[in-house]
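Heads up, the next two complexes both have chain A, just with different partners, chain B and then chain C.
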Partner chain A sequence: MSRTLHFEIFRYNPMDPDSKPHMQTYYLEEKDNMTLFLALNEIRETQDPSLQFDFVCRAAVCGSCAMVINGRPGLACKTKTKDLPDKIVLHPLPVFKLIGDLSVDTGTWFRGVAKKIEAWVHTTKTFDPNALEERMDNDLANEIFELDRCIECGCCIAACGTARMREDFLGAATINKIARFYIDPRDERTDEEYFEVIGTDEGVFGCMGLLGCEDVCPKQIPLQDQLGIMRRKMAIASLGGKVGKLFSVFSKKKK
Partner chain B sequence: MSVDTTVESFKGHRLAGWLDWLQMLTGLTLVCFLFAHMLFVGSVLLGAKSFDFVAAFFERTYLAQVGGPILFFLFLLHGFLGARKMPFRTKEQKLIVRHAKMMHHRDTWFWVIQAITGAILLVIASIHMWTVLSDLPITAAKGAHELETGLWLIFYLLLIIVGALHGCIGLYRIGVKWGVVTRAKRTKALKCIYYLIGVYVVVELLNLLRFYFLKV
Partner chain C sequence: MQTFYTDMLCIGGGLAGERVAIEAASAGFDCIILSLVPPRRSHSCAAQGGMQAALGNCAMGEGDSPDVHFEDTVKGSDWGCDQEVARLFVDTAPIVMRELAFWGVPWNRVVPGPAVYFKGGQKFEVYEKEEKAGLITARAFGGTAKWRTCYTSDGTGHSVLYTMDCKALEVGVEVHDRVEALSLIHDGENCLGVVARCLRTGELRVYFAKTVLIATGGYGRIYKHTTNAVINQGTGLILALDTGIVPLGNMEAVQFHPTGIVPTDILVTEGCRGDGGTLLDKNEYRFMPDYEPEKAELASRDVVSRRMTEHIRKGFGVKSPYGEHLWLDIRHLGEKHITTKLREVYDICMNFLGINPIHELIPVRPTQHYSMGGVRTNKDGAAYGLKGLFAAGEAACWDLHGFNRLGGNSLAETVVAGKIVGEKIVEFLKGYEVNIKTSYATAEVKKQKERIEKLKNSSGGENVYKLRNEMQEIMMEKVGIFRNEKDLQEAVDSLRTLLDRSKKLSLASNGIGANPELAEALRLPGMIKVALCIAYGALQRKESRGAHYREDYPYRNDKEWLKRTLATWKQGDDLPTLEYEPASKVFHLPPGDRGYGEGKVIPSDEDEKSGDNK
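What follows is the complex of A and B.
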């Protein structure tokens, strides 16, 4: 008992001066175990070779297929058509630069914020390629890995009301990334230095707790919890001086 | 790109953090007061006498004369801090509403509700505080008398509903933002908040009705 799916897909090619943003309709017979990835490819193969969208891994690991599916950002390759109604409306992710139709450039955006927060381990130690790798506690390694699972798909950014209103807002994935370096003992940055990077209205204090990010993240990264933790740490760091010292018992970075 | 050359020291950076503390603490104080208020006014359910007794207590101890204006100040401060996060430009307002519609997402709507109720409260709660504090002492008779004009009844109805929404949703949002309401506790916290809204509205409605039918 297969359904006929009714697709409404956003079309616009910014490179073509004659192109105007509009919605285009396609119909497609639903197949067993069909994902949006399969559906879009079938549309492109059989109906419209000009349709632009991105895929690489088709297994929810590369993060390139994120789009707005019936209003909610999500991964097309991870979304089964059987979980959707007959009518499926697809838009490209907002916030990011549109390449064409459903394809957006998340890379430039993520690179920009990574540079801003200096998303690398800051250490004074010189690297010795011959030395044995330093050991890390297994639980801690798991904790870091949990946050490192982010695939930079951009869903959390597109789902964030703050990010849409304020172009300079760092976004949940970025704050999660800072949290990842924060708990990494190899990163020698102090609370003060972290504060410089995210203790602003563009960083943790800009987050309005709308939890769009939390509710759409296809990798279930613990964004809500990390945002809360970082806000608390940075708020305590902002007290500075004596008051901050008083609280710092709770916030000292474990090293 | 223009560079802000007024930045001179690290201290200035801290402002965002301080303001965030203030917004949370003023908010928390106001929610606590909201519920305390519900209980004080609730004394009218026992009769005009007990209400007058409670009111007199607050005046005798100068809590009303001193605490009132302090509260008013905290209220204005909270409004000002909240306004920093408000979309003032129509472009932003349209964007956030379009965004909330696109997402059909509860917490995003919560925020829209917060922004709207916050703006309404700034006006009507100011009026309420002004009329009460500028005409001490507070007595049950005055309250009952006031309600004889239907307009005040509508005014208080609005105040109750808007106040309950803003206060309780605000409480939930503080919990979320500061990491007290974690992923694991979210569903439960929401339930509590709904109950809280319900309790507040019901009790204050009863208070209002009691005043309305009060014969003094």
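What follows is the complex of A and C.
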């Protein structure tokens, strides 16, 4: 049952003047229950200790290890080798800045967009340590959690034609994040304020609705729904003035 | 060389580091977080289960109070904790959970009406009160009298960390990710900053800071089988040890979690057993009630892990190519429960084992999980030995957990200690000025540069991964769940040899830029020192307390060992220097029986009279 896996891995160390981007070949005996996490570490430890890649949780929860696996963005730690053919081709995620080999800088990218959309609860209230917490319906809490599940792995960004074409495109994960705050009654931002943030070509109107993002999301976040919902809300908000306000009253009530 | 100046430098962007940073930044101080990875990828994000706070909102939490939480915590710690700290913690935890709700955490809430729960595989029904509707609810965790673990589905760590990081962004905390602190800059009295290495470029940097916080999390990767993330290598503890003056507390107190999956060691949450999951042996027989009639699977972790190991030793383990294990059974909880409330567990089983827990059993065994020990601090979070140095979270020995921490108490500790220590740092910073003594920095940078050059040019021939694997195996086999003099002595001897061999590390690659082999080689000698603190502390502690179980000294010995180990590392030594201090200044709850576990105790002379000590 044992196979010899043939890896073709993208190599480039930007810090090394002698390094040129190229593909490098490795062979490895496959083992039971092998994941790309186990395989890449074995290659590093036994064949090439300079090989760069990022793993943290090795359990598909931290979002560190996304890479392009045989042409498709995915989490390496949860990719089992037995689901792959003998030949495995690995590239770093596009769009993000390359650190070296398979390692890219998703952290800086996500922090940047979080700042841009001010991804925190905007409230005029202050916290009262002596008061009971504000009540919330459990279904709503679950709904917020659903959208909060994104692990910022970057797969959806790497798979997105728009993101690859325009550097300033916020991307599906970011629009999903907005949706998360949008449905959260603790965030007091109005539709107009949200419109300022994402009612542009950088935001929802840049999206071409081609579905690339949702397909690759390892958390199965319903990105298409969220993109659609936000696009419709923002389209209505863009009618501006009265209509927008009316809608905003209506939608806040509905929350 | 890049040099930065700040009021507060936070080493670590997990929950503890971020919560402290938020406190300092909100008070108007400059604050920089250093982290090996983007903060949101810190290990805190992997915590599934939840955080304890005595809110008492759900039906099964009725009648809960900080007092009950206090009692559970002290018993859980096997009276090893600092009771002043435990008091402070239980009183503050409810406020912090509400504050997190205010900042945006989508806590699960009380749904009024009849509700069906499971305990020990049995179904039962309770009535959730109308007046509590929409307040933060809780679930059961091991070792607690009431249901008190607040949660967001099974992504509590993720949700709270994301909310925390949003808050940090809002209040202007600066983040330098992919930066590793290598050593502290200090003058023997004051902590002045750190020398760090950029993991993008490999370049060294200097950070000068009025206060430095060590919030670097656990060191699980010193063991072969651990639930901890790959980056949990204990480098923060090395910073403290290398000063020669800052002690680590109770390093021998290491927690094993009953349910790491086999083979990948990924944790499945205690929530599984809290919600009614059971443990089965090779005959699919539920054995825990035989050992622990009252709490069964929900006794504290040290007890369950030992009972499992005991049962395996008796020949009831399931054999597999990856060693023996037992089964975790959650099938009876049903598809809906498993795919909603325990979804991460479902995903882990499907993704990493190819097992469907709705229909199949999950292979589990006790796995290294948590470090009760760490940088010893006082109740304000100030480290012993250096002014301006603080610690919080899993890296600290604040000492809330003593010799065993309760599930849900550590995630709660990160945010509660984070708030308390943050406030103390703000007090400290007000009106505090240090002289920036660049000479100390220059000397420290020189030292680190020399280490790096030596590694790059050495022909010593020792391979970093090989040595690391040897260390991990020694720790797993000889400093694990059951301990004894012979094994521990062997462990100490072999680790000393490894430490010596680590001086001959040389690189197989060129070490240029963000080279992972160089990074590992820089860490390894320090990791071996941390391992030695654990092994040597365990060898010296001739009693059994909480997670520290000595087969040759099976009693908890309050007469001689109601105290905390303090380990420092003097320059040039190949063993730590151990000293001891009383476990607690006050005993609100005098040492007694935990109500679970083996419960053999040699009482101290104090025990009889300490009853009126409040």
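Heads up, the rule we're going with is that the second predicted complex is superposed on the first by the 241 of 255 C-alpha atoms of A that agree within 3 Å, B and C clash if a C-alpha of one lies under 4 Å from a C-alpha of the other, contacts with A are read in each partner's own complex, and residues count from 1 in each chain.
Here is the rule we go by: a residue touches a chain if its C-beta (ideal position, glycine included) is under 8 Å from a C-beta of that chain, and two chains touch if they have at least 3 such contacts.
Just so it is clear, the structure is predicted and the values come from calculations on it, not from any experiment.
Counting residues of chain A touched by each partner, chain B versus chain C, the larger count belongs to C. Of the two partner chains, chain C is the only one that A:Asn142 touches; chain B does not reach it.
Of the two partner chains placed by superposition, A:Glu167 touches none, neither chain B nor chain C. In the superposed pair of complexes, A:Cys57 makes contact with chain C only, with no contact to chain B.
Chain A contributes residues 68, 71-72, 94, 159, 161, 164-165, 192, 195-196, 199-201, 205, 207-212, 214-215, 222, 224-225, 227-229, 231-232, 234-235, 237-240 to its touches with chain B in the complex. Across the interface of their complex, chain A is touched by residues 37-38, 40-43, 45-46, 95, 97-99, 101-104, 106-111, 133-137, 152-153, 155, 158-159, 162, 166-167, 169-170, 175, 177-178, 200-202, 229-231, 263-264, 266-267, 321, 344, 347-348, 351-354, 464-465, 507-510, 512-517 of chain C.
Partner chain A is touched in their complex by these residues of chain B: 10-11, 13-14, 16-21, 84-85, 87, 92, 95-96, 99-105, 107-108, 110-111, 173, 176-183, 186.
Residue ranges of chain A in contact with chain C, taken from their complex: 13-16, 32-33, 35, 44-46, 48-52, 54-64, 78, 80, 99-100, 103, 105-108, 110-111, 114-115, 118-121, 123, 125, 127, 129, 131-138, 141-142, 144-145, 148-149, 151-152, 184, 186-187.
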